[in-house]
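What follows is subunit A paired twice: with subunit B in the first complex and subunit C in the second.
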Partner chain A sequence: MKKYLIFLVSVIVLGVVLNFFMNSYIQAVFISFMINAIMALSLNFITGLADQFSLGQAGLMAIGAYTSAVLNKEFFNNDWTMIPIGVLAGAFMAAGAGYLISLPSFRLKGDYLAIVTLGMAEIVRVVLLNWNHVGGPRGYNAITKFPEFYFSFGFAVLLLTFTFMTMYRLKFSWFGRNLWAINEDDIAAEVMGLNVAKTKRRAFVISSFFAGLGGGFYSHHLGYISPGSFGFIISVQILIVAVLGGLGSLSGSIVAALILTFLPEALRSVQTGSLDLRMIIYPILLIVMMIVRPQGLFGRKEISLSHFGLTKFKARGSNE
Partner chain B sequence: MQEFLQHTLNGLSFGSIYALVALGYTMVYGILSMINFAHSEIYMMGAFVTFYMARFMGMETPSPINFTLGVLAGALGAGIIGYFVEKFAYKPLRNSPKMNVLITAIGVSILFQFGGQIIFGADPKRFPNLIEDEVLFYIAEIPVHLIDILIYVVSFVSLGILSFIIYRTQPGRAMRAVSTRPDMTPLMGINNNKIISTTFIIGSALAGVAAVLVSIKYPKIDPMMGVKIGTSSFVAAVFGGIGSLHGAVIGGFLLGVGEYYLIGYGASTYKDALSFLILIIVLLYKPTGLFGTTRKEKI
Partner chain C sequence: MSKLLSVDNLSIQFGGLKAVDDVSFHINKSELLGLIGPNGAGKTTVFNIISGFYKADSGKINFEDQDITEANAAEVNHFGLARTFQNIRLFKTLTVLENVLMALQQRKHNGSFKDWFSSLLNTKSHQQLELNLKLEALELLKIFELDTFAQEEAGSLPYGAQRKLEIVRALATKPKLLMLDEPAAGMNHQETQELNELIRFIKNKFNLTILLIEHDMKLVMNICDRIVVLNRGKKIADNIPYEIKNSPQVIEAYLGKRKHE
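And then the complex of A and B:
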């Protein structure tokens, strides 16, 4: 009970500090950190836990974002109180799309899922580009936002907590152990009587659901989306966050999202002209990480409050 | 009918380009079982090497010698870049899980794209006219351009050289051996690392040739030019059966012609999605592609 209390109090303190003592720029960066964290978690669930490489998170994000935005504008008359319903609908839509993609993908082993998901994201992008009703290449703008920062913040925290807790519970459930078995050796898992294809498919649908959730909120955070905001590069950025935190470590993804959202903002003053320093630093980081420390910051381990001496709970990691 | 013939000719000329690039994908996959995402960027670098060479050596006037030198420079430059990419990014990961190599390949690809935008500039550059284009003859009133004929000729010469290397020489035999049983080849006195490097150099050189040919036909080059051709060629390689050389060539031609029919008869805005749609359908019904073989997995 104590740790939930600590969490709640720290969220409220953070919210109050951000709301009253920080400018809107820092507030926006904070929200985008939480969106990045949700996206990285959604990728980490399929790639880190089940070892199935997906490169299409941006496409699923686009499905969530467009569903939520269109729903809110066309059916709910831009009513901001209906945003959560739109976001949830976007998540379900993305989960449905994820199910369709998973049908062909898991008949094959190896890198094909990466290619199929990449192709799916590209198809989604091209369809959106050609769909005039949602703006085509011009994008979809004037999407309803939350009127006050604390609503936005509260909703983001709620989504992130929901995502994290669901995945955390799943990671240490029988389902998570199945995924773990597939990750280690899928032939052995199959021999043990595990339906490998079905388990991977479920994991992918769950991952898609949360990608859609993140995308739905993204559209209401920015108020403007276009097919260009969901290109391949976005999938790569999500991948970098998940890899830096450690594939398989959910709390690692959140820490990495924190680092990789605030660091580029801090480096913004260093940039000159149109040179986007991030796009040079990110790939170098990725290559060096893979050679020097492929397990990322945390490997498969989770950070626990016990690391800070706050509670008696034991850290749950891979090797205990 | 005339229109149809025109699309077929265009498609075949682009198809031979796809075939050249697809061979690089399929060779690397055959020998390392990895998708070399950076291949499309090696293609792009091939065009830029020729661009800068032509500029600094003053070879921007159209002449057959400049054309030959340009193609060779593209092949050589791309080959060298491919060699270094393999050496610095992929070799340290020879024994790591496949996913790590794939992530590294994506990293290399992004690095080249955005590094290229910083070094070369993001705006498209005009590729020098290395050979004077003229209409050679007419087939059923369709003009046949010199550049298209050159694309066919150079592609077929390259394919001939490749098949000679692979099937008639000792390194080629070693390559085939490494792609079949990489664990046994060291016992036969083959240096796996050397063979893998050779494969990368040959595959990259083919991409460099393709890049120069495309840049002469469509004289606009920019650091993102590899992305579209790269994805289409990759799909061609999977379509033909990844790991199979013949498959890559035939897949390249089929995809090239198919894309041009699609552009020719409407639906051109969906062109980018088409190749992926083909890919997904292929994976659904014939995952090994047209000429691929399934390897039984041993436990």
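And then the complex of A and C:
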């Protein structure tokens, strides 16, 4: 009980600080961070825990984003109080799409699966590009936003907490154990009586759901989406966050999202004349990171939330 | 004696190679059957067909009067067959306890909605179920004196203990028939001796029927009730160990024909 209270208080304090003492630029970056974290978590669930390499996260994000945006504009008369329903609908839509994709593609493994999911994301993008009703290449404009920052912030925290807690519980449950087992040795897992294909499909549907959730909120955060916002490069960026945090470490994904969202922004100020140092420092940092800690910041471990001041590491998984 | 498993006219072909050619045999209840043969005789292939990894080109497999010819590996396990592997396939970075838990939970967590929500909400009944599973797993580990390693990573165990753990994990799925694929591979004399006792022990303790593939002749002759010999995909003998030892066909398969003077 105490840890929930500490969490709640720190969120409120953070919200108050951001709302009253920070400018709207930093507020927006902070929300971007939480969206990135949700996206990285959704990818980490399928790629980190179940070891199924997916490159289609941006496609699922697009499905969530467009569903939520269109729903709000066409059916809810731009009513901002209906945003949560739209976002949830987007998540379910993405989960449904994820299920359909998983049916044929989870016979494949590794790189092949990555290519199929990548192709799926491209199909989604191209369909949106040619769909005039949702703007086509011009994108979808004037999507309802939350009127005040603290609504937006509160909703983002809610979504991120929901995402994290669901995945955290699942990771340390029977389902997580099954995923670890598949990750380690899928043949042995099957011999234990586990339906491996079904388990992978379920993991992918869960991952798709949260990708849709992140995407849905993304559209209401920016107020504008276009097929270009969900290109291949976005899938890769999500992957970079998940890998940097450590594949299999959920809290690692959040920390990595924090770093990789704020770092490029912080490096903007380093820009000197015509020389854009940002584009030099950022990749170098990533390369150094991959050399020094190839398993990511946290490997597979989690930061224990029970000690907020003391970051205590739970011995879990290896790679250390 | 009643038959537990019967294999009838099993054949499989890989390209031009008939890996298993019209093999039939059966295992009686609580019998310890050895499956031997020279390298490449098709022993492991037979194993893989029975356990659902390969689909036989022709033939039938019956287990307790149920046809399991078409069943996949996971379904075969649910019928009550468990197997180990020639090269150890543990979940290496999971702890010893989690390895056993993973096998145990396949019978307890069926993936129903209730199952999902109770684990998401971490309800009391879910915690109780997890606790019971852990206790059951620990008890099983204790029988095999592996409980002291419970929290260690499976991959860090000594070789002999890893072999043992693989057997424990297979037992955790509560099989009626345990299929061991070369359990003594890579073991020294003393470890093989211990394995000998271990196999006898689990057979009695869990009231099991065992199908054993093994190269170590001493072990096979020692513990098997009956032996089936394969050579080049064909069954060449099916008898008690003493007869097998003196069968000219078997000796020929292993050592070649004696030259006539």
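Heads up, the rule we're going with is that the second predicted complex is superposed on the first by the 282 of 320 C-alpha atoms of A that agree within 3 Å, B and C clash if a C-alpha of one lies under 4 Å from a C-alpha of the other, contacts with A are read in each partner's own complex, and residues count from 1 in each chain.
The definition used in the following text is that a residue touches a chain if its C-beta (ideal position, glycine included) is under 8 Å from a C-beta of that chain, and two chains touch if they have at least 3 such contacts.
It should be emphasised that the depicted structure is a prediction, and the values quoted were computed from it without experimental measurement.
Q: Now for A:233: first (subunit B), second (subunit C), both, or neither, which partner does it touch?
A: first
Q: Using the superposition on chain A described above, determine whether A:189 touches subunit B (first), subunit C (second), both, or neither.
A: It touches subunit C, and subunit B stays clear.
Q: In the superposed model, which partner reaches more residues of subunit A, subunit B or subunit C?
A: Of subunit B and subunit C, B contacts more residues of subunit A.
Q: After overlaying the two complexes on chain A, where does the subunit B footprint on subunit A coincide with the subunit C footprint?
A: Shared contact residues on subunit A: 187.
Q: Touching subunit B in the complex: which residues of subunit A?
A: For this pair, the touching residues of subunit A are 47, 51, 53, 55, 104-105, 107-108, 110-112, 114-116, 118-120, 122-123, 126-127, 129-130, 187, 233, 236, 239, 243, 274-276, 279-280, 282-284, 286-287, 290-291, 294.
Q: Which of the residues in subunit C end up touching subunit A in this complex?
A: Interface residues on the subunit C side: 51, 53, 72-74, 77-78, 82-83, 85, 89-94, 98, 101-103, 105-109, 111, 115-116, 119-122, 130, 153, 155, 169-170, 173.
Q: Can you check the complex and tell me which residues of subunit A touch subunit C?
A: Residues in contact with subunit C: 166, 169-170, 173-175, 177-178, 180-181, 184-185, 187-196, 198, 202, 300, 317-319.
Q: Help me check something: in the complex, which residues belonging to subunit B touch subunit A?
A: Those in contact with subunit A are residues 33-35, 89, 92-93, 96-104, 106-111, 113-115, 118, 122, 231, 234, 238, 269-270, 272-273, 275-277, 279-280, 283-284, 287, 297, 299.
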